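These notes are about the structure you will find just below.
Labels run A, B, C and D following the written order; every chain starts at residue 1.
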Amino acid sequence: MYSRIRAETYRLFTPERGGRMGLVVDWFIMILIAVNVAAVILETIDSLGTQYATVFLWIEIVSVIIFTIEYVGRIWSAVEHPDYDGIVSGRVSFASRPLLIVDLLAILPFYLALVGVTAELRFLRALRLVRFLRLLKLARYSESLKAFSVVLERKKPDLIVAVFVNAMLLIVVSSAMYYIENQAQPETFSSIPQAMWWGVITLTTVGYGNTVPVTPLGQVLGALTAVLGIGLFALPASILASGFLEVARDETKECPYCGENIHNEEL
Amino acid sequence: MYSRIRAETYRLFTPERGGRMGLVVDWFIMILIAVNVAAVILETIDSLGTQYATVFLWIEIVSVIIFTIEYVGRIWSAVEHPDYDGIVSGRVSFASRPLLIVDLLAILPFYLALVGVTAELRFLRALRLVRFLRLLKLARYSESLKAFSVVLERKKPDLIVAVFVNAMLLIVVSSAMYYIENQAQPETFSSIPQAMWWGVITLTTVGYGNTVPVTPLGQVLGALTAVLGIGLFALPASILASGFLEVARDETKECPYCGENIHNEEL
Amino acid sequence: MYSRIRAETYRLFTPERGGRMGLVVDWFIMILIAVNVAAVILETIDSLGTQYATVFLWIEIVSVIIFTIEYVGRIWSAVEHPDYDGIVSGRVSFASRPLLIVDLLAILPFYLALVGVTAELRFLRALRLVRFLRLLKLARYSESLKAFSVVLERKKPDLIVAVFVNAMLLIVVSSAMYYIENQAQPETFSSIPQAMWWGVITLTTVGYGNTVPVTPLGQVLGALTAVLGIGLFALPASILASGFLEVARDETKECPYCGENIHNEEL
Amino acid sequence: MYSRIRAETYRLFTPERGGRMGLVVDWFIMILIAVNVAAVILETIDSLGTQYATVFLWIEIVSVIIFTIEYVGRIWSAVEHPDYDGIVSGRVSFASRPLLIVDLLAILPFYLALVGVTAELRFLRALRLVRFLRLLKLARYSESLKAFSVVLERKKPDLIVAVFVNAMLLIVVSSAMYYIENQAQPETFSSIPQAMWWGVITLTTVGYGNTVPVTPLGQVLGALTAVLGIGLFALPASILASGFLEVARDETKECPYCGENIHNEEL
C-alpha cells in the first residue's frame, strides 16, 4: 500500500510518466509559479502592496504550502527512480540537484520568517522563476533549446576568447581613462573600478551619460572605446551566426545528387 | 443594370482584376492615405495646427467622404466574390475581416464627433497608416516579403525561445536590482515594475540614463546586465541571419555537377 | 602643338593612362584634399582659427587656385575622350557629371565671396571630401568595393522592405507616444514630429535620454519600442550577412569533386 | 658551468621547452601579473589605497624585483636561441621585440621613481596586462585565436573599406551638424572636432545625451545619423559573420559523396 502510494506520487511529479494526471499537476504548478512571480512583482508597487496586503499574504501562504507538499513529495518518492534508490543516500543525492536546491531556497524564507529570522531573504522568492525554465522543455521547443546548447557548446572556445579579449580591452581602456580624467572629474572618475563602470556602459553602447569624459584627450579615448564597442557586438553575433549555420548544415539532409540521407557524426 | 454596376464596382476595388481603372483608383487611395498620414502628423505641430486649421479640416472632410464611399462600395460589391455571396451574411463576413475593421475604425471617429461623441478618438485616424501595408504587396517586393515571412515562420521556435529566455532574464535582473537599489534610490527604483523599465532600457542598450544604479553592487549588476544585453542582440540577429541563408540555399538552384535544377520540397 | 598639350593634359588628369606623372598629380591632389579637410575641421576651433587665420587663408587661396587649374584643365581636355568629343557639347556634358559638379561646388564659394556674395556657403568646402572616395578605387580595395555594391544591389528589395516596415513602425509608435505623453509632458512631446525624434533615438537604441516617457503607459510603449529596436538592428545585419555569404559562394571556386572551376552566371 | 646555467635559464623561460619547471614558472608569473593588475586597480580606490598603502607598496616592490630577474634572465639567456646568437647584437635584437619592450616599460617607472623621476608614469604599470595575452596562447584556445586572425586577415580589405566609409560619413555628418547647431548651441557644438564627439557617440549608438541637436534641422540630421549608425553596426557584423563561415567551410571536411577528406589550399 505504502509503496503503491509512493509509486503513484512519483509518477505524479514526473510529467513524462504521469499521464493525464501528471500533466494536470505540472500545469497547475506552472500557473501557481506564474501567479507567484506576478505577486512578487506587483507587491512591490506601494499602492497595490498596502491595499491588497492580505491577498498577497494569502497567495504566499497557500503557495508555500503547496510548494512544500510538492517538495516533500518529490524527495520522498525520489527513491522510485533507479538512480536514487538508497532510502537516505538516494534522497540526499536527489535533494542536492541544483533544481531541487532552488526549490528549497524558494520556500525557505517563509519558514525562516516564522521562526524569527526576519533578514531580507524575500528576494529568494524570485527563485521560483527558475522553475519556469521547465516550460521550455515542453515538446515544441526542446529542439530549439538543443540547437542553442549545441551552438553554445561548439562555439565555447571562440566565445571565451572573445570575452577574454573584451575583458582585457575593458581594463586597459578604463585604466587609461582614469589617469586621463581623474584630475578633471575627481568625483566621477574617482578610481579605476569607477572608470570601469564608464567602460562597460560605453563598450556595450548603453551610454547612460552620467559618467562622460570631458577633457579632449578623454573624448578621443572615449570615441575610440565607442568604436571598439561595435567590435564587441559584432564578434559574438557573428560567432553565433556561424554556429547556427554550421549546426543547420550538419543536420541530416537529403543529398541532392544521390538521394540518400547524409548523417554527420560530428553532432 | 444594378448587377452590372455592382460587378463594375467590385472590379474597381479589386486591383488584381480592375485593369487600368482599378490601378488608378488604387494609386489615388494610396496617395490620399499618404496625404492623410502627413496631415495627422503635421496637425499636431501647434503653429501649423492653428494657422492651417481650415486646410486640415477640409483634408479630413474630403478624405472621410472618399473613404466612406470606398468602404460602402467595397462592402456592397463584396457579394461578387464567391466567398461572400450571401446578400447579408456575405457582407457581414466580409466586413469582419481585420483590414475592413481597420478601415471602419479609421473613419468612425469623424462620424462619432458629428453625433456628439467627442472623446479623444482622433488617434484612430492613425490606423489609416495600416493600409500602407498594401504598398508592399506590389509586385517588386512581394518576393522579399514572402522570404521574410518564410524566415520568420521557420525560425519561430528559435525566436520564441530567445524571447522567453530574455523575458526571464529581464525579470531576474530587475527584481535583483530593485532589492539592491531600493534603499539608495527609493524614488527611482520604487517597485519591481519600475526596475523593469530600467532593465529593458539597459538590456536593449538604449540607456536613457534617467534611472541608473548608484550603489557599487548595483553597478556591478548593471554592468553585467549591459553585457548580457549584447547577447540579447546577438541571438535574434544570428538566428535571422541563419534563417535568411537557409532559405536562400533552399531556393531553386542549378546543380553545378549535373546541370539540373534542384527543387527543395521543404519550402 | 595645341592639341599635343591638350592630349598631354588629358593624360595628366586620367590616372589610368597618365603613367608616372599622372600618378604624381593624383597623389598630390589627394594630399591637398586631405590638407584642406583638416584645415576646414581645425579652423572651426576658436583658438586655432584666430591664431593661424593667415595660414588657413593661404591654404584656402593656394588650394582654390590649384583646384581651379585642375578643374579648367580637365574640362578643357575632356574632348580627348571619345564620349565627350563635341567642342562645346562634350565639355558641357562632361561638366554635368556628378563628380565634376561636386568639384565646381567645392571651389565656387571662394569666387562668390570675391564678388561680394558672402552668404554662409563655406560649408560647401566640405564637399572636397567627396573626392576622397576616389582613394577607394585604388587597386587593392576595388574588389571589396565591388563586393559591397553587389551585395547591396542583390539585397536592395529586402533592405527597402526592411526600411519601409521600420518607417511605418516609427510613425505608429511615435503617434501613439504623442497621444499618451502629450498631457504629462506638453513641452517634450509637443507634436508627432517631436515624438518621432524620440522614436528614432529609441528604435536605433541611441537613447540620449532627453525625451523620455514618464507615464506608466508611456513606459510600457517605450519598453516595447526599445525591444522592437533590436529587430530593427537584426534585420539589416542578417540581410547583409546572408548577402555577403551568397556572393562569396557564387564566386568562382574549384569544384572539389571534378577539379573544374565552377562559374555562376547569376553574378 | 656558466653555459649550462644559461641553457637551464633559457629553458625555464621558454614554456614550450621548459618541461614541468617551465610550466610552474609560467603559471607563477601569470598569477603575479594578475595580482599586480588587481593591485593597480584596487589601489586607486581611495579608502583602500590609504588603508593598505604598505601592502600595495610591498606587492609592487616584490613584483618589480621578480619581473626584473625574469627580464634580465630572459635577455641574458636569449642567445641560446639560434635567432639571437650574437653576444651583444643578439640580445639587443631580442630586447627590441615588442613584447620585451612592454616588459621593460612595465618595470621602468619603479626605477625611474627611485632615481628621482617622479613624473606620472605609474600608468605604464598597466602594461603588465599585455602579458596576459599569453594566456590565450595556451593549448585549448590557440585554434580559436588562429581562426580569429584568419578571419581578420581574410576580411581585412572589406573591414578597411568599411572603416574608411564610416570615417568619411563621420566627417560629413559632424561638419554639417556644426554648421547647423553652432548658432543655437555655441558651447556644445563649438567646433567641428567637438561635433565629431557627438558624431561618434551617435553613430556608435552609445548616445550619452550630453551633446544633442536642438534645432529641427539638427534633429532631422541627428535622426538620419542614428539610422546610419545601424549600418555602421551591420557592416562589420555581417562581414565577420561571413568570414567565420567561409573559414569554417574551408576547413578540412569529409566529402559526403566519396568519403575522402577535402583540403582547401586557400588557407
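Note that contacts are C-beta pairs under 8 Å (C-beta built on N, C-alpha and C of every residue); 3 or more make two chains touch, one makes a residue touch a chain.
Nothing here was measured: the structure is a model prediction, and the numbers come from that model.
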Chain separated most widely from chain C, comparing mean CA positions:
A
Count the residue numbers both chain C and chain D use at their shared interface, divide by all numbers used there, and answer same if that is over half, different if under half.
different
Taking B-C as the reference interface, which entry in A-C, A-B or B-D shares over half of its contact pairs by residue number?
A-B
Determine which of the two chain pairs, A-D or B-D, is joined by the larger number of C-beta pairs in contact.
A-D
Rounded to the nearest Å, the gap separating the Cα centres of chain B and chain D is 44
How many Å are there between the centre of chain A and the centre of chain D, using C-alpha atoms for each centre?
31
Residue numbers in chain A touching 2 or more other chains?
193, 196, 205-209, 233, 237-238, 241, 245, 257
How about chain C: which of its residues touch chain B in the complex?
157-158, 160-161, 164-165, 168, 171-172, 175-176, 178-179, 190-193, 196, 202, 205-209, 212, 216, 219, 222-223, 226-227, 229-231, 233-235, 237-239, 241-242, 245-246, 255, 257-258, 262
Name, in rising order, each residue of chain D that touches chain A in their complex.
37, 40-42, 44-46, 120, 122-123, 126, 129, 132-133, 135-136, 140-141, 143-145, 147-148, 193, 196-197, 200-201, 204-210, 232-233, 236-238, 240-241, 243-245, 248, 256-257
Contact footprint of chain D on chain B as seen in their complex
205-209, 237-238, 241
